[in-house]
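You will see two complexes here that share chain A, one where it goes with chain B and one where it goes with chain C.
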Partner chain A sequence: MAVATERQDPGPAAAGVRRGGAPPGPRRRGPGAHGRARLIGAAPYLLLLPALAVTAVLLGWPLIKNGLLSFQNLNMRQLIQHLTEWNGVDNYRETLTSEDFWRVTLRSVIFTAANVVLIMVLGTLVGLLLARLGSKMRLLLSVGLVLSWAMPPIAATTVFQWLFATRFGVVNWVLDALGWHSMAHYNWTGGQFSTFFVITLLIVWQSIPFVAINLYAATTTIPGELYEAAALDGAGTWKSFASVTFPFLKPFLLATTFLEVIWVFKAFTQVFAINEGGPERLTETLPVYAFVEGVGNQHYGMGAAISLLTIVVLLALTSYYLRIVLRQEEDEL
Partner chain B sequence: MKRSPLARLWPNATAVVLFIGFAFPVYWMFTTALKPNSDIISEDPVWFPTGATLEHFQKAVNAENFWTLVGNSLTVTLSAVVLSLLIALLASFALARMRFKGRRGFLLTFMIAQMAPWEVLVIAIYMLVRDGDMLNSLLPLTLFYMVMVLPFTILTLRSYVAAIPKELEESAMVDGCTRPQAFIRVIFPLLAPGLMATSLFGFITAWNEFPLVLILNKDPEAQTLPLWLSRFQTAFGDDWGATMAAASLFAIPILLLFLFLQRKAVGGLTSGAVKG
Partner chain C sequence: MKRGLIAATGVAAMLVSVAACGSDGDDDKAGADGFKGETLTVWAMDGSTPDGWTKDVKAAFEKKTGAKLKLEIQQWNGIQQKVTTALSESDPPDVLEIGNTQTPAYAQTGGLAELDDLKKSIGADWSKSMNDSAVYDGKQYAAPWYVVNRVVLYNKKIWAEAGIKDTPKTRTEFFKDLDTIQKKTDAEPIYLPGQNWYFFDGLTIGTGADLVKKNGDKWVSNLADPKVGKAMDIYKQYQSFSKAPKDKDEATPQQAEVFAKGKTGAFIGMGWEAALSIKANPKIEKDIGYFTIPGETEGKPEGVFLGGSNLAIAAGSEKQELAKEFLKIALNDTYEGQLAKEGGVIPNKESLQTQLKGNPAAQAAAPAAATGGTTPLIPEWAAVENAPNPVKTYMTAVLTGKSPAEAAKSVEDELNKRLSQER
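After this line comes the complex of A and B, so read on.
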């Protein structure tokens, strides 16, 4: 830990460059000034060093540690006595052959797919609506969107617990008033589907604004001439959307879908805070499952193996897009 | 274009309905926090409260350790943001202004680090922190929050630095500044809005963080506000007025920051996070 704090002092590098004297051209290397040239050549690396060092220590090390833990038999006893017991691939064998793991994986994938589809479709529609509104109504809707976007996830989760509370919850009252009387005292967190319904509503409610507002911002960059040209060619609303708006927004939509898949798949706060994965562990998604197995049931080695498998599943889900992005960035950077 | 009144009406009507849908939970949080208990525990919801009381806020503020936890949250969040800004300034300058071998590789590293699944690394982090005998301390939280916001800070600052014309810096150097001086005197002042926006986003991320503090700091006096809030309702036995007051207290700083940031949010996020 100490390494991280010590290394953030850039003193020597910066001072060294300053001592170099005359304004140094970044890529010019005067003959006979080898020492200085080398220093200037090293400057970007020295500037990057603190960032790389803390990332390596505080992100790289936990990743490696997680890998090591996943090959250990580490339960409460070993934890207390500080024992290191290697058990090969036992954790993986046990996890991959357990029905629970596959059930939770399938559940996570379905949960992610449902959320991402809702977020992208509704977010796009709201974004297109923003583009169509007059300035006053646009401001009104934007304020609403920013409010839900800004709500801290933990605060939002608490509020949704209250909205969906069995007694005195607004949602039950409204459903009852609309004539669905069996919902008057419905316990939303008592069943698997209804708990997921609340979690999904919460996540979608919080995620739409990001898509909608950024999509609206993207539509404002579409040159008006494109629409004029489309109109001249006799395109109606739908046709000009299909031939101008959509192709223009496609890269944005692809990138956002990718981000949403990552965010929803690893969502821990909302899923855990609403009901701690209950009832009967039926709403655990992979990150929550890893946490409950590892920390809750004190099978830390197993938890680490599940964590690593979670990362693998996430990579598999996003690999298609990750490849495109990496190739694209390679060209652009 | 000709549009019938109906065609003009439906977007506005939809906008109003959506506004209500998006704003209502926030509205309900604040009104519940301010309503007297008789209006909260009522068979029919009181949509527009007439009387307001600060009783629930008092209860939340007087909850055990509240001010300690406010201190913890502020300490951890602010230190994490300041540290990551310092580190990111150096790195973003190199990435935006200098050409060197491996530059793409470094950029990709930070882009990938930005997507790091911290939520599933908590077990490994718990073991590391426990081995270092630092459970229930604010230092590990600060350091990990710093790294969580670091990649975003670097990539966003990089685009802000790149947006400052290189000529400004060069002319300062022609006038006799060294490169570090040119940076401090010319670029740094122009970077202020960027620094502001970036650090506020870092602040929001660190302020809201939940999984790590959940596992690392169980001691009631070493927690931060998210953990406190997640347990509030259980601890206070379904006292929704006080719970909503607690949620409001936690959310107000972030809501204010966001409203203040809204315009930058769009530009900053699209240029920094999505596009890289």
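After this line comes the complex of A and C, so read on.
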């Protein structure tokens, strides 16, 4: 039917092509110029090609493969014997109806929220501090920030494990020396809350540099005259922050928060390496849960389903920002 | 938007890349005339192969077959995934050490070669209690290698202080001794946390209980069985002599380190845990003694959990004959005996237990090995032991006041759910 319509009436379709195609300008030139212009027009896409190809191979393909696995019953036996057993949406149904999944989801959301709030508040404060410091202290602080940012996650996690070790950890030693003798042999990874405390400290410490340096960079874009004008109008410190600094920083804060939500939510290395989701699976966040169910318990299909659901949850969490970005793009069009 | 998607996709990529399948390979040349020039790859676990044993077995194997032996030591951490992946490949390791309770699960996958003829030729007098774990569906899929089991480690000084001269021969005597320590000294008679689950598993073996039963074609909880309740009652009597937490297992805190402080009469643990105590407090070394966990009557030790390993041949290995040659050498009386002597582990034949002389911990462990057992030898069991283990939950429930029947009922759903996980 649709084909027939097109044949009978080519007018609108052709117009559509023209409207969506290249700008009319170059079309009027000669054939040689036309080819070169086409090449120039294609240049951005050609330049994008390598990056897109790498993304497709390293992210797209595993994602498709993961999607396929999530509809299979793939465990030890199937893996060893190379069997493919499709089981429809069983994995999804079982995950979505399990109490565990929802408990872990709630835990992940709370964990992400707590970390992101801490990271943003402390990171912003450090960023503002950077802007106010003299050049020597600023250099010192910047070096410190860059070093902690550059620390590989597993190395950082190992150092934190040593710091918080039960018998020989320096944290317990200091607490004991300060008078909290009951903390002398405190087992930090023995309880849900104390384990999360250590993980949160680690993650916040690792993320502050990114926020701080970003925010500092943003403050350098604020023209100094604005502060002078505000001061002339009688604005105090707080007032000039609220009406000059903050409006300038807002888009940066929004973008950084968005990135931090993603970063914390998908933090696997730190959470897993500190205590492997223990004690008693009480510190498993969604990525760890997917790993433990999928790889740990060797239910690979189930793990794939959980990891895809994890992406859905993450998309839902970031939907507010995504909507803003999409709306902005529409406005630009 | 794109950044978000890419980052989110990254999570998935990170997670799934681990699960990617091994590739199907094409078959290499099958068989060979003689073994010369071939190399046999053996995976053994960290700590299983003492140096002297390794050197001697290697020399004997290479001399007899003319092939080379490549021994690769594996770490316990993440071993199940590693073995699964290895067995799925076209060129797996030829011989693998596999934990005894994990053997049925691997046998079920079809990844292990059937060894009925090997059992016939060299396995006639393998201990039955050890061989059970190597049999699945009536067929032999591995050879029992060694086991270790729990004993009582006691503080001789505290026992002497309480005026006790001999180690107990029956459970009743043991309880009486603990009572004496309680009354005559200020020490804790025994350190036993509420979730020393492998000790409890041993007690159920002692009362002849099964933790699971078959309901139609499905395995379901059998914790409500009075025999399980009876084992739990025994555990509860032991636990009443301890101040240890009822909701923790023996690793939090490490019971050996508690014992090292010298204020604990005894604990139930592995022989090697003494080394942990000595490391924490070197002065305790001369006070540590060992005895077999006594059973109901004299001469019949308590049931114990046999933790150990089997040797299996990968079904996908192209060197089946050479691999069998290796097993015949590694498991013969000379080298199996040497393993027991050097490693202090219980060998796969009772006749070889004489090799344990001079090792008090192993000598205390050996008498119980013949009547020991394991966890239920079904592939479904592995899921049950993932934390939080419902059997541990059951134990704590009984110890904090529920009746065994009530406690069994409260964890039944969770246990059944885990037993019915699709494979």
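Simple rule for what comes next: the second predicted complex is superposed on the first by the 273 of 333 C-alpha atoms of A that agree within 3 Å, B and C clash if a C-alpha of one lies under 4 Å from a C-alpha of the other, contacts with A are read in each partner's own complex, and residues count from 1 in each chain.
Just so it is clear, a contact is a pair of C-beta atoms (placed from the backbone, for glycine too) under 8 Å apart; a residue touches a chain by one contact, two chains touch by 3 or more.
Treat the numbers as computed from the prediction; the structure is a model and nothing was measured.
Counting the residues of chain A that each partner touches, chain B and chain C differ, and the larger count belongs to B. In the superposition on chain A, contact of A:Met120 is made with neither chain B nor chain C.
Within the superposed three-chain model, A:Val211 lies out of touch with both chain B and chain C [touch as defined at top]. In the superposition on chain A, A:Leu133 contacts chain B only, with no contact to chain C. Contact with chain C, but none with chain B, is seen for A:Asn297 once the two complexes are overlaid on the shared chain. In the superposition on chain A, A:Leu59 contacts both chain B and chain C.
With both structures placed on the common chain, the touch criterion links A:Ala155 to chain B but leaves chain C unconnected. Contacts of A:Asn73 after superposition on the shared chain: chain C is touched, whereas chain B is not. Contacts of A:Pro287 after superposition on the shared chain: both chain B and chain C are touched. Of the two partner chains, neither chain B nor chain C is touched by A:Leu249.
Shared interface residues of chain A (contacting chain B in one complex, chain C in the other): 55, 58-59, 62-63, 65-66, 69, 259, 262, 266, 268, 287, 290-291, 294-295, 300, 303-304, 307, 310-311, 314, 326, 329. Chain A meets chain B in the complex at residues 1, 4-5, 8, 10, 14, 17-18, 20, 23-24, 26-27, 41, 43-45, 47-48, 50-52, 54-55, 58-59, 61-63, 65-66, 69, 126, 129, 132-134, 137-138, 140-163, 165, 168, 170, 173, 205, 208-210, 213-214, 217-218, 252, 255-256, 259, 262, 266-269, 272-273, 286-287, 290-291, 294-295, 300, 303-304, 307, 310-311, 314, 326, 329-330, 333.
On chain B, the positions that touch chain A within their shared complex are 11-12, 14-16, 18-23, 25-26, 28-29, 32, 40-42, 44-45, 83, 86-88, 90-91, 93-95, 97-100, 103-104, 106-111, 113, 115-117, 119-128, 132, 134, 139-140, 143-144, 146-147, 150-151, 154, 173-174, 176-181, 204, 207-208, 210-211, 214-215, 226, 229-230, 232-233, 238, 240, 243-244, 246-248, 250-251, 254-255, 257-259, 262, 265-267, 269-270, 273-276. If you check the complex, the residues on chain C that touch chain A are 1, 3-4, 6-21, 24, 80-81, 84-85, 87-88, 105-106, 108-111, 252-253, 383, 386-388, 421-423.
Interface residues of chain A, counted against chain C in their complex, comprise 55, 58-60, 62-63, 65-66, 69, 73-77, 79-82, 187, 190, 258-259, 262-263, 266, 268, 278-281, 287, 290-291, 294-300, 303-304, 307-308, 310-311, 314-315, 318, 321-322, 325-326, 329.
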